[in-house]
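Structure, as structure tokens:
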Amino acid sequence: MTQQASGKELIYVKEGHKHTSPIPQGVKAGGFIFLSAVRGVETGSTRPVADTEQQARLLFENIRRALEAAGSSLDRVVKIGVYMINLQRDRPIFNAVWKEYFGDAPPARFAVQVLDMGGAGDDSKFLADVTALA
Amino acid sequence: MTQQASGKELIYVKEGHKHTSPIPQGVKAGGFIFLSAVRGVETGSTRPVADTEQQARLLFENIRRALEAAGSSLDRVVKIGVYMINLQRDRPIFNAVWKEYFGDAPPARFAVQVLDMGGAGDDSKFLADVTALA
Amino acid sequence: MTQQASGKELIYVKEGHKHTSPIPQGVKAGGFIFLSAVRGVETGSTRPVADTEQQARLLFENIRRALEAAGSSLDRVVKIGVYMINLQRDRPIFNAVWKEYFGDAPPARFAVQVLDMGGAGDDSKFLADVTALA
């Protein structure tokens, strides 16, 4: 992490999700961690894997990696906004993986269907906007 | 509310909005309350009511109920993201009800139109992502 | 700014973005500032300018104006949600302006494509949901 004079720390992680846009993996500030768009990509790739369940699983792995790199953890996630390309088709799969990762202590959440996310034609099915306690 | 070792409290309310997905009605953490997707549903239902104005009204009632259950209140809402199925048609109706509930002290807000939200074919017109002071 | 008994301050700015809906330009509460939907509009207008790059530039100017009016600044932005009408076409233009304004200390960010935002037929290409340290 790089400490800024402004009071925020930028989070850059070696493993996990990367972005083609000029943004960090997250920011720590004011007692919270705000992660940039988390998707189901392998380390070093900006394209999600093809399988829907595996894409969901990688998304949660990437949330975990980024939070742990910043000294936090999955159980400290307080809020997730989930953007999906096909809400009714893919939400049951997402929920099954969600339960594995969050168990009895899930964060607050909303989910909506949008038209596009991620790179051009990269088959992103999920994008997560994550807020956690630092 | 159930206190977690992680520092967050899960908010479950008897009256108000319910979810079919495995999520609480909200989370209290770090001085804030984050509510899960609030919609215009009657207590005990996961399907919104048909009338647009009544759907907006129930949405605000459900925000109020969840916040009061967690020891906060409507006037402590600081930010709302509003997702609509038909922004230009339904926003004037939403704004009229918004004014009744927030009066001279509204929160910050943005509103965008998305493709889907809520359950399959359940006629959700509004979904609110709410952040309040605890 | 107007201090509320609830613990939040409403931010109203003379220069910058305005809203036709009954909302302030932002709210300061709990150590953070939450701005209402920021778009690429000239002061006094609720319709964005036509040119895409100029629309992005005005959006950042309006973020800066609102934050400075509230005693904060651009380098204290911790998170931006970006809603676009055409993500793949307009994101490169947005990113170029983003780099000018944020340089080496960008906030966390996600971007998704939605169906509508702003006023009816007003050619909004970008809408930003901004969180900053107070």
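Read from first to last, the chains carry the letters A, B and C; within each, the first residue is number 1.
The rule we apply is simple: a residue touches a chain if its C-beta (ideal position, glycine included) is under 8 Å from a C-beta of that chain, and two chains touch if they have at least 3 such contacts.
As the structure is a computational prediction, the values presented were derived from the model and not from experiment.
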Worksheet entry | Interface sides of chain A and chain C: same vs different residues, half threshold | different
Item to complete: Using only the C-alpha atoms, find the rotation that maps chain B onto chain C and quote its angle between 0 and 180 degrees, to the nearest 5.
Response: 120
Worksheet item: Quick one: chain A and chain C, Cα centre-to-centre, how many Å?
Response: 23
Practice prompt. Quick one: which residues in chain A touch 2 or more of the other chains?
Written response: 31-32, 81, 114-115
Worksheet item: Can you list the chain B residues touching chain C in their complex?
Response: 31-32, 73, 75-76, 78-79, 81, 87-88, 91, 95, 98-99, 102, 105-115, 131, 133
Worksheet, complete the sentence: Listed in rising order, chain A residues that touch chain C in their complex are 4-8, 10, 21-27, 29-32, 34-37, 81, 83, 114-117, 120, 127, 129
